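Below you'll find the structure I mean.
Naming follows writing order (A, B, C, D and E), and every chain is counted from residue 1.
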Amino acid sequence: MIYLQYLLVGAGCLFFIVGTLGLLRFPDTFTRIHAITKADNLGLGLLMLGLLPSTQSVPQALKLVLIWLLVLAASATASYLIAHYVKAKSPDALPHAAETASEEQD
Amino acid sequence: MQFAFDSMLGLGLLACAAGVFWSRDLFRSVVMFIAFGLLLALTWVRLEAPDLALAEAAIGAGLTGVLLLDAIGHLRQHKEHSPRNHWLLPLLCCIALALLLILSLNARPEASISLPELVAESLPESGVEHPITAVLLNFRSYDTLLEIAVLLVAAVVAMALNDGLAATARTSAEQSSRDPVLAGFTSRLAPVILLIAVYVLWAGSYMPGGAFQGGAILAAGLVLLKLADFHIERYAESLLRLGLALGFLVFLAVATSVMIGGRPFLTYPEAFAGQFILFIEAVLTFSIGLILFSLFNQSPGQEVPHDN
Amino acid sequence: MNLIPLLLVIPLAWALLSLLLPRLPLGLLALAGIVLQLGTAAMLWNDVQIHGASRYAIGDWVAPLGITLVADGLTVTLLAMTALIAVVCAFYAIFYLRAYEKERRYFWPLFWFLLAALNGIWLAGDLFNLYVGLELVTLAAVGMVTLSGERHALAAGLRYLYAALLGSLAYLLGVALLYGAYGTLDLGQLSSLLEANLITQLALALMTFGLLMKTAVFPLHSWLPPAHGGALAPVSAILSALVVKSSFYILARIWMDAGNALMPVSAAQLLGALGALAIIWGGWQAFRQSEIKMLVAYSTVAQLGYLMLLFPLAIGQSQQSAILAWQGTMLHLLSHGFAKAAMFLAVGTLVLAVGKKRVVDMAGISAKMPLALFAFGLASVSLMGLPPSGGFNAKWLLMQSAIQSGQWHWVAVLLAGSLITASYVFRVFSVSFQKDADPQIRPTHPALDLSALLLAAIAIALGFGAAIPVELLTLPEEML
Amino acid sequence: MTTDFWFACIGAVLIAMALFTFIRHTHLLRRILAFNIMGSGVFLILVGLAQHQRQTDPVPQALVLTGIVVAVAATALALIIFRRFYQLSGRTELDEDQQ
Amino acid sequence: MSFWLPLLVLATSLVAALFIFTLPEERHALRGSFNLLAALVKIALVGWMIIAVANQQTFETRFTLIGDIDFVLRADALSLLFAGLSSLLWLFTTIYAMGYLEGTPQRSRFFGFFSLCVASTMGVSMAGNLFTFLIFFEMLTLSTYPLVVHKGTAEALRAGRTYLFYTIGGGVALLVGIASLHALVGHTEFIETGVLRDVSPDLYPALTAIFILLIAGLGVKAAIVPLHGWLPAAMVAPAPVSALLHAVAVVKAGAFGVVRVIYNVFGVEFSYQLGVLVPLAAVASFTIIWGSIQALRQSDIKKRLAFSTVSQVSYIILGLSLFGPIGTMGGLVHLLHQGIMKVTLFFCAGIFAETLGITRIRDLNGVGKRMPLTSAAFTIGAFGMIGIPPVAGFISKWYLGWGAMEAGLHWVLGVLLVSSLLNAAYFLPVIYRLWFARPAPEWPDEQIPAGRFETNPWLLIPTVITAAFSLGAGVFAAAAWSPLSWAELIAVREYLS
């Protein structure tokens, strides 16, 4: 049982590292948000799963799950807002938008 | 293994602090400051002070961070010109101060009183199991009373400065521009925040938590509502004023009414100490939440600064 | 029903009243409140005079755990002084604030919070409690300085806030070190436990730096003149007379209780040197000021230098000269409080009447505003330390202490101080006697002159009736 | 080299760094940041030193809790006055502080 | 009753001062009457005390100020000499001032400070120890400053500044002296024959230094040469003020202080033993000669009178420093005589300026015909100053000379002779111009026409009375109640016990 926990926590940390790598490597804001939100949420989920068995009582376990859900909702809204803000600030930043615009022209 | 984590945490703290002080752009400093706050919360956990971790995260990093971000938002340019040139002398005395402090930290004077045992002894009579809440609201309740007064004075001064402003400038634009996603998220999150705040308050009597942490969470919720353009400050201004002072009023009333029974100032009757403390804490949470929110809400509005 | 907590409850209750019920006649409400507080202070004064110092444990918890309030001879005298100055400033503010409609709204709650914090500090016997008291004083005082909302008031308030916060942190660091080393925060217990090792001396040095910053002693005084000079008259009167003294009171308490054996004599002499520099530099700056309120503010910086002479005259000297120095300093604290408050109120009336701020604008006002000028005169007599004033008795005691401990250089400093004070005070007088100048002045309420005159008269009366408070001051040595 | 002592030393270094910035930088916001971090440093020393000498002690933790609340009140007040000052004068430094 | 009387004397003028300050400017009649009433009450009280003290009764008010220092007001023989002089002359100066300031602005302020000034003079005279003496000595400075700058002109303000510079400096020196004396000896009471007789010899150098400090502090007000700069400058003040300053209040307070220090603090035998009396006599003599020479060179009447005061006051100090009852009597009685004569001279100078606009001696030609009474008063005063018999001045110079002979200081006789000649040199030409010179075609600025009286009666009457007094003091010197016998009473008490 303890090995499964180590495995899960290790995988969680791995996802965190991947997320951070994504943050550092990716060119612009949108891709970075994408990387961070996805990787970290998954990482946190795995971490939470890894820690669940060692909780003393059910309410404590529920609280762990509640933490994960809250983080999920918060990071989703946050990434939406940041993307929304960056798009509003500089519309040309969208790589995708540039191609669709050129398709419409020709 | 413990030491490795501690040293990493300590160096992380120093790195964040260095980031706050020596980064060119102010916005970057504020972000580093919030990161510093979170790391500090972790440090308090390492120092076996969960209450402080909660408070630091909610008030230190959270609320102060929001206030700073809000302030940065209104500054036109974030670059600031070069600091003063004479740096050698201050550098030397700061280093000297640091060395002196560290040297003195391991001093071991023999004659010293051990307060933790005293707290443990008189914990049963204090009416709560959690020692920190006992110290805060029973043994040193006079400090807490003055501290709430400090908060209230800050709110009063904020109101005084704002009354000076023309009333129109403060009410933000009509609510048409509400962002759907944020609104949806906030409307669902608000009840959860309220629930957590009350839970933290309730838990305070037997595990880390209490009035200040609960109040801070409540304030965070209110700030979120304000940011999501739910115009909650439109309620009658005098109600807001009463809410601010309610906590202090109740605390003072309890403190003095006890004296009528012949007991010294701020002495709760033995049997009901727990109930008294919980009642005071509940009202305090409400008031602290409102005060911290009004400190955010009262800050001067959007007027463009004119250079005179 | 013990009196000590009443002195805390009354101001806090009135603060809430004036905050929550703004439509009440706040001025009259304030007057009633302070008269009540004055009565309590007088009863407590009488009680201490008969039974000596008394300790009061809050929440019924014994010293190291709970917080104890200490009411000895000095505390009770300061409480009475605070109540007295507050009642006159409140009476003055009722009429003065008629011209300032906007500020009236929030003046009274802040006034009461400040008063509560001051009473808390005089009575406190616990180090951390003093820290929270100092913070409350700072925030309330900054609030009152920035009441007018103009640019210079805000700048002065900010400068004051930053300096005070830095000072508080230094003080808190000192408290942290002491608590870390000795495990208790109660001043009484600490003074018996302290030994001369590195951590204690560093803690005391840090606390001294913090409190010097908040008392605006010479090198750290730059925040005081704009704050006290720019604020409304009753505000600057209370700030100069009481607030600046609260941090000095803590410094004196700590040094007298703990410092005597621990701190080297050279440290005390350094503080004395700072005091001397403050007297000379502050006086010279006051002489050069063009605005009359800034002149009086710089005079505060100079007069605070006198207080710092306590340390060289008391630490490391004979018991006899230490008692004389202690009495002299506390008497100076009292008489400067009354005289400076009277001077700020008088100057406030003059500025309100003439409408302009500069000293030269005051030409020829002795014809139009004789009473205000007379109050200013009486107050300056006490500041100069000329007989028959409280200031003179204080200077006399300090001089006796200096002569007995053979430190003649402090006698020279005392004399130079009174000469410099005379120079900038008579500058105002000579301007006011000019014949041809004929200033048009707005009519002011006679109550303004009356309150300034009352405070000045008390400062002069201290010259005659100083015996009662002075020998009450020497109580701490035997009692605790 | 217990954890308490380590974090107390970190606190001391933080105070030194914050004081250095407080003296060198004149930008008011920068000073508020420095003041906050110095406060945190002092709190670290308060708890760290006390618990380094003896076992975990609730009293300094309660004091630090009070300290944090007081610090946030003071910071909020400083920010509000600064922003009013900035609105009126458009400057981020106090007049005399310029070189 | 013995506790309240000294306080009552002090209170009369203090209450008068406060009442007058609050009076609005236009209530002239009320202010004038209140002033005169206060003066009369004061004279009555002082008179009562003089009679009581004559038959061995004493009055003392004492309460503790701080620790071992108490506030003492004692009415003994010496204090009543000065108190009597100042209360008497205050009445006449008030009458004169009311006439002189007719129609000028800010009289409430003037008379307020005027009575405050006399209150402090009363305090100085009745002080029971050096500490109380210092309190009233400094109060005197503060209350006379507004009188000096009363006119408000730039010149008056400058004179005020020099006045302050000297007097506050003197005050500081006095304070240091008293503080160190108190630290050395423990108390500063005035005791009939001095306190310091049984002090151990090794304290002598310290005590000499303290003596020098005290005399320097008092010397500023007593206008001893190096410290007299403020006196001629203060001439710019209105005439009653210069009369009050020079004849009654400030200058005499300084001299009175010297009396107290020598006789009641150090004790005259001990000061002689200390060897400080002879140098003091030398300084006094130098001041006498130097003052008279300066007076000779002045062309303005009031400046000349000012320098004559500088020299006359040093007569008193000279008399005091002659070790012997006769010399002391001479000094003390001169304190009174000089007061009365100098007041008369200044009143006349004031009248000349007010009625005919004459300030320079050159314009005094033939004033005798136009204003016979004033000129006669001036002549009596001048004769007194020179020391020509029937007038009081002669008596004091006579006793001074006798005292000098007794003390064996023959050179003092020479000084007296030379100074009398110099007095004659600067007063006789003025008298010659008054009576024998031909008047100029028209007076520089005739304000008051020659009606029934030659000038404003309010000014004339006090002048004539004081002139009569100076004559009376000379002629009836031997009478029981005369100033001379009172001085004898004091001298006897100082030396015998």
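We take it that a contact is a pair of C-beta atoms (placed from the backbone, for glycine too) under 8 Å apart; a residue touches a chain by one contact, two chains touch by 3 or more.
By chain, with names taken from UniProt: A = Na+/H+ antiporter subunit G; B = Sodium:proton antiporter; C = Hydrogenase 4 subunit B; D = Na+/H+ antiporter subunit C; E = Proton-conducting membrane transporter.
From a predicted model like this one, the values you see are computed outputs, not experimental measurements.
Common neighbours of chain B (Sodium:proton antiporter) and chain D (Na+/H+ antiporter subunit C), by the contact definition above: C. The count of contacting C-beta pairs peaks for the chain pair B-D.
The chain with its Cα centre farthest from the Cα centre of chain D (Na+/H+ antiporter subunit C) is E. Compare each chain's C-alpha centroid with the centroid of every protein C-alpha atom shown, and the nearest one belongs to C. Seen from the Cα centre of chain B (Sodium:proton antiporter), the chain whose own Cα centre is farthest off is E. Work out the mean CA point of chain A (Na+/H+ antiporter subunit G) and of chain C (Hydrogenase 4 subunit B), and you get 58 Å between them.
Chain E has its Cα centroid 74 Å from the Cα centroid of chain B (Sodium:proton antiporter).
Between the Cα centres of chain A (Na+/H+ antiporter subunit G) and chain D (Na+/H+ antiporter subunit C) there is a gap of 33 Å. Averaged C-alpha coordinates give centres for chain A (Na+/H+ antiporter subunit G) and chain B (Sodium:proton antiporter) that are 29 Å from one another. Shared interface positions of chain C (Hydrogenase 4 subunit B), i.e. residues touching 2 or more other chains, are given as 128, 132, 135, 139, 142-143, 146, 149, 151, 173, 177, 180-181, 183.
The set of chain B (Sodium:proton antiporter) residues that touch two or more partner chains comprises 101, 105, 112, 114-115, 119, 140, 143, 147, 150, 153-154, 157, 161, 164, 308. Of all residues in chain A (Na+/H+ antiporter subunit G), none touches two or more other chains. Annotation, chain-chain contacts: A-B, B-C, B-D, C-D, C-E (touch as defined at the top). Interface residues of chain C (Hydrogenase 4 subunit B) facing chain E in the complex, by the touch rule stated above, are 327, 331, 364, 366-367, 370-371, 374, 377, 381, 386-388, 392-393, 396-397, 399-400, 403-404, 411, 415, 418-419, 422, 426, 429-430, 433-436, 463-464, 466-467, 470-471. Residues 179, 181-182, 185, 188-189, 192 of chain B (Sodium:proton antiporter) are the ones that touch chain A (Na+/H+ antiporter subunit G) when the two sit in their complex.
For chain D (Na+/H+ antiporter subunit C) in complex with chain C (Hydrogenase 4 subunit B), the touching residues are 15, 22, 28, 31, 35, 38-39, 42, 45-46, 49-50, 52-54, 60, 63, 66-67, 70, 73-74, 77-78, 81-82, 84-85, 88-89, 94-96.
Here chain E touches chain C (Hydrogenase 4 subunit B) in the complex through residues 21-22, 64-67, 69, 71, 105-106, 108-109, 134-139, 141-142, 145-146, 149-153, 156-157, 160-161, 164, 168-169, 171-172, 175-176, 179-180, 182-183, going by the rule given at the top.
Within the complex, the chain C (Hydrogenase 4 subunit B) residues that touch chain D (Na+/H+ antiporter subunit C) are 128, 132, 135, 138-139, 142-143, 146, 149-151, 154-155, 157-159, 161-162, 165-166, 169, 172-173, 175-177, 179-181, 183, 222.
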